[in-house]
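Heads up, there are several structures right after this.
The same chain A turns up in both complexes below, where it pairs with chain B and then with chain C.
Entry: the complex of A and B
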């Protein structure tokens, strides 16, 4: 065996420890499709749900045990940022699998492909969290996105699901094209030398002095492409339609897991590859963040559908989180913390929407009328989640917002924080509108002999856990902050890797 | 931008080529219009129906599968040429690649995509 090949072999064996969770996910996902699919007969496919859940829990454990470092010729990196966002993505997938059961059983749409697609897209997200090269970044982004296009159109007999999937696919493919073009411009700007984030971070400030237009165009296109993926205004048009048409558990999944991974990539790209050319993207990113906060919150006011309301609210929350992206390495932990709290509130709210949907309501905001009489606990929990989404103290949503805004103020983004604060007040208006429906409006008369349906186990567990976390989460703030402190240390680590 | 001059040249040649060929053939060829010449060309046989017909999606599936296995050989060929240099590493990488294809094949087979009734 000669030196070249044995060197590659050694590197492969050494570096595969970094991607063990993804190897596990993708390998088992493939085995599930074949020959695993032959294991359970038609009508028994729901047994794949606990299997998937077990796989996800093992992956969560594996992520915690993954060694830190850079591998695959500087393509992939494991550090606090990677792990932190990977954990959020896995939790999002776990929640989606748990919430899917009722809907899929009711529609008799249980298939092994549904779970395999979640696993595949999750492995894309895990790769995306640790991608430190534009090539690995783009590949993992596509792996994640393509699986989700299919999941959005999963209920292929429902016309609006297919419509949503097609819309999402067309706009997603278009934005990928823009992103790829931007990457190629940046690659050209470095003289065709590198696509590595850290190396680009050193080369670009030098190049941009003589080649401002090329670098500027590349940076803007990357910003637009990533903006599409996280659904920031003005690249958000696909998101309310896709959220509304997708199966509701997938909507909850889309609002959390891919968003966490995309934000990790956002932070990586802008803090490792492009910090030297901040004058090119700081202002546009600021406009995007401000527009997301304003339009997301204002458009949510007149929504009739609960899913659309949550879609617009997620656009607004992305605006807040982009504030964290602008704040440098310290902003990373604030963004992580915000995403973690958002994940909990969002899953709680979606669990309730999904439960009500199972009884034929919950899609429209009017369906929440008088919920306090039918399901006192669900109504209380929904109120907690909505108030937390609005950022009212002492709930955990307030804590996330407070920490993020404080960070942004110390970094000097005073105008943006003012906008963020004002739009938070606007958001309280429509969240409280739903609370008003639940507590102060009379319920429509129940049909003769109809009983309000008991909550299933998955819903009860998720709602209870999320509710407790939202109520008491602020108490855990200190240890969580200390743990999140490891996320911001990314910059130091990348400098070590360069030497 | 200097390195891109050959590409510009290639674009110009690519545009010039059909223009020259068309103009030349227009000048040289005899012009004898005939109804038969306007018919759809189908291997020299007179077409009987419209060319726009619905046909089974199975053709499409088979075509995609053919493409997958065809592209596979494109990857196998350079590996075979560089087999000695890549040694065990190449064997492992290629093994992973072929195994993935095998699983895909098993999947479509078990889903019945290959049955033709």
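Entry: the complex of A and C
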């Protein structure tokens, strides 16, 4: 007995090296709530933003240093895929924290819980990126999601935020139910033997031959659950509402960090656990991807609110990234690259929306009228971000699309790539609409003597960095691809090891 | 050749400097940066051109670094200078420089002076990237970049209602074309496994021409779709006439001399691949020929001086495609070259007239300017001779070569071309007569008219020399020359392979040239006689054939048809998607959002009662059902 306990202890200590970033996040997050909360007085809560930022930077460094390998009885794995998407999630959180300070100050809504929740949620994402077992996968997913439900409803005095949070929660619970149901079906299909992705990957193709419906239904339910998390059509309904209702930094956060983690999970589930039954999910996933591209881009045309526009645009971008999920191991790096470029341009755009919101100019598209006169730099940067989102070369958005589409063509997804191309043409329609407002429409008259408010430090830094990256990122295509190549090849290595 | 990268980068720096500090510093500084950067770039371009001419095989490959590299895909970042790109590079920097100089005078009163020059420099940068790029990816970067600059410059007069819309229209129409380029690129990658131009062309040399409709035909057709977008051919020409909302020098540089010819350039660049696909070439020839005719007829009765020139550009671009389609790649490019000079000159001349009359663009309000603006008159006269194809002006040689090749392809194409050329002569002489001859129809404007400043007239004169003389670069064999430009371009267009290009038989060449020239002169004279004394003839024509006139004036109602059949339904569809998901399903059951929000304030029960979440779940359930159905069927 004693031997078992010490053996367990030893294994835990050994494996904890893999999850050091998560331990760090969860530990400091807890300490922040108490006694950390006593550190700053009521009026000084905004100082939590730089503290959280510092924690995130340390976590980023820890992720780079984490050893690669599998631990916790094959439940958690660190490899190129894990690290690649973990980095994106952390960057997403970092951006959200940087943008939060000013806005929350203006609303007098600074509390330590806000920042702690971001940390907890992030730890869930980091787990999710490395989850290689349906049990750890599900726990990570819920840890991530539950914190976000609260964050969406964080501005509790604003009705639409509370409503959005509740809606998101209810629908999330529903989708979790479906996901769990799907997992249990797959578990049953293995004869109750395993929930491990790799082992399932070997068992399922065999079972599938005799019991197609059981496996197929399980696969579909998992697809629905994951589709909900990344807001793919037709499981996207929550996202425009949640995006609009949430505090805008949280909107930016939701559009990037959890999406990156969920995509990592998407890739793992479909490429490790379910590649053998690809004929069961390839077609449905293709339909989901196509529907996301079409509906996301078309519905965005009519939007009046910038946040809703970006929500629909995000749905569309998810559609493109699902195309990468369908492309096997090489698709993983294309997806990662796309997500990385999307993260940069998305944060740039949100930083500007948040700035305008903070100065009371609001978030409606018509509030962008004549921005070039009030904030020449912001207008220029916004144009760069929007054009990049539309995939215009030589901006990074084009590079991400080009690489992803090219990958999909070599894998034979011609119809989907054609739809992707067509819808990206449509997307230019609404992105350019905003540019038109900024550059070719007159600004509403400022009050007498009023000066446009200067941009804060965080906004300036984020917008500048993002703008430079979007403009010049394509120039670094080669080193980026080499780095991202690690994501695909690690994946291959892991598959080889399993055989 | 280490300086070669400076050629595009200098204008880029000019753009950055002017964008960042242009608003604060004076116009003198902006001018110095903008014009200076293009001048330096032009000087370096000449040096590079001469270096290329001296190089082995007239070709310089300047590889800088590997841009992208993974698995099957390797994309280098580098420039190729050969006779084709070299000539184009000189045209861009040379005519670009003249137009920068001209703009100094034309735009001197504008508040957005710095913005204008910044965009113009950016355009030169992207255009050079497009031309010099050694891979389709880099060319595509330039291709989209020039589209962006075009959009920004068309919308330059944003105080007007129509300019921003025209810019948007140009950009979106081009996106449709770009879709073709992107698909064509992917297809070529699938076929050849590389995206470098030299890689594709080397492999293409080993293939036999494709009969009927094969994969390469698909690829080249897609590229041609892109070319129709950028080069304003049927059916994607709609944006170009509207693009005239931009400042006139922009129309001259972007929408006449350079950007709009990039579709032709793209096809010339990949000429050996297009040689393999006769089906595509036939399509190119017919689309080109029909566009030439179609646009020329619309140009007959336009009242806006720039609109006439815009349709004329569409029509001339059609001629170029007609040449390409008749496998006369050199002939098509020759016309690009001569057209760049005389059409830029026509636009700048029109700009000079507009400038003199204080932004009057209506031909019906001009008249009698011959003595008031002599330099503009004489230079535009030379350009008119060139465009109508009067020997020995430049347009004669290039157009004649195209018509001759069109005749060899199909006599019907020749007839179409000649009719279009007759229309060209007519509308050009109508334009000239209405502008410079007769009585002034707006006395106030006429009295204040004056010749433009030197910075505007000198470029006109330089362009006039080019318009008059550059045709001698391609005197066909039938006229005792040896079509020097064809020889010059040969290494670039055939890439070492020797199939294609027709051997010249002098047989019908002289007879054909004589027929088309004489017809052109007759129609030109007709136009001049009818209009030199005023509007009487046109009024008579309207009275006699009101329907014909109305249809032509309204451009065959194509814009309206597009609105009705494409844009309207698209907006409707967007509306439906939005309504279906946001309004009906979300706000559901007759509860609108604000009312619902008020009701649910803190009252969660009320939230459930609106039924909205239920509707969400319903949609998700539908989705699950649909996927399950897919599984079961």
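Note that in this section the second predicted complex is superposed on the first by the 486 of 499 C-alpha atoms of A that agree within 3 Å, B and C clash if a C-alpha of one lies under 4 Å from a C-alpha of the other, contacts with A are read in each partner's own complex, and residues count from 1 in each chain.
Rule of thumb we're sticking to: a contact is a pair of C-beta atoms (placed from the backbone, for glycine too) under 8 Å apart; a residue touches a chain by one contact, two chains touch by 3 or more.
No experiment lies behind these values; they were computed from the predicted model shown.
When the shared chain is aligned, chain C comes close enough to touch A:380, but chain B does not. Looking at the shared chain after the overlay, A:235 reaches chain C, while chain B stays out of its contact range. Chain A has more of its residues touched by C than by the other of chain B and chain C. Applying the stated contact rule after C-alpha superposition, one finds that A:142 touches neither chain B nor chain C.
Within the superposed three-chain model, A:224 lies in touch with chain C and out of touch with chain B [touch as defined at top]. By the document's definition of touching, of the two partners only chain B reaches A:33; chain C does not. In the superposed model, A:9 makes contact with chain B only, not with chain C. Contacts of A:298 after superposition on the shared chain: chain C is touched, whereas chain B is not.
Across the complex, chain A is touched by residues 85-90, 92, 100, 103-104, 106-107, 110-111 of chain B.
Interface residues of chain A, counted against chain B in their complex, comprise 1-2, 4-6, 8-9, 12, 30-31, 33-35, 37-38.
Here chain A touches chain C in the complex through residues 159-160, 162-163, 166-167, 170-171, 174-175, 178, 213, 216-217, 220-221, 223-224, 228, 233-235, 237-238, 240-241, 280, 283-284, 287-288, 295, 298-299, 301-303, 330, 333, 376, 380, 387, 392-394, 398-399, 402-403, 405-406, 409-410, 417-418, 421-422, 425-426, 428-429, 432-433, 436, 439-442, 474-475, 477-478, 481-482, 485, going by the rule given at the top. Contacts from chain C toward chain A in the complex involve residues 19, 23, 65-73, 75, 137, 140-141, 143-145, 148, 151-152, 155, 158-159, 163-164, 167-168, 171-172, 175-176, 178-179, 182-183, 186, 189-190, 570-571, 573-575, 577-578, 581-582, 585-586, 597-598, 600-602, 604, 607, 612-613, 616-617, 619-620, 622-624, 626-628, 630-632.
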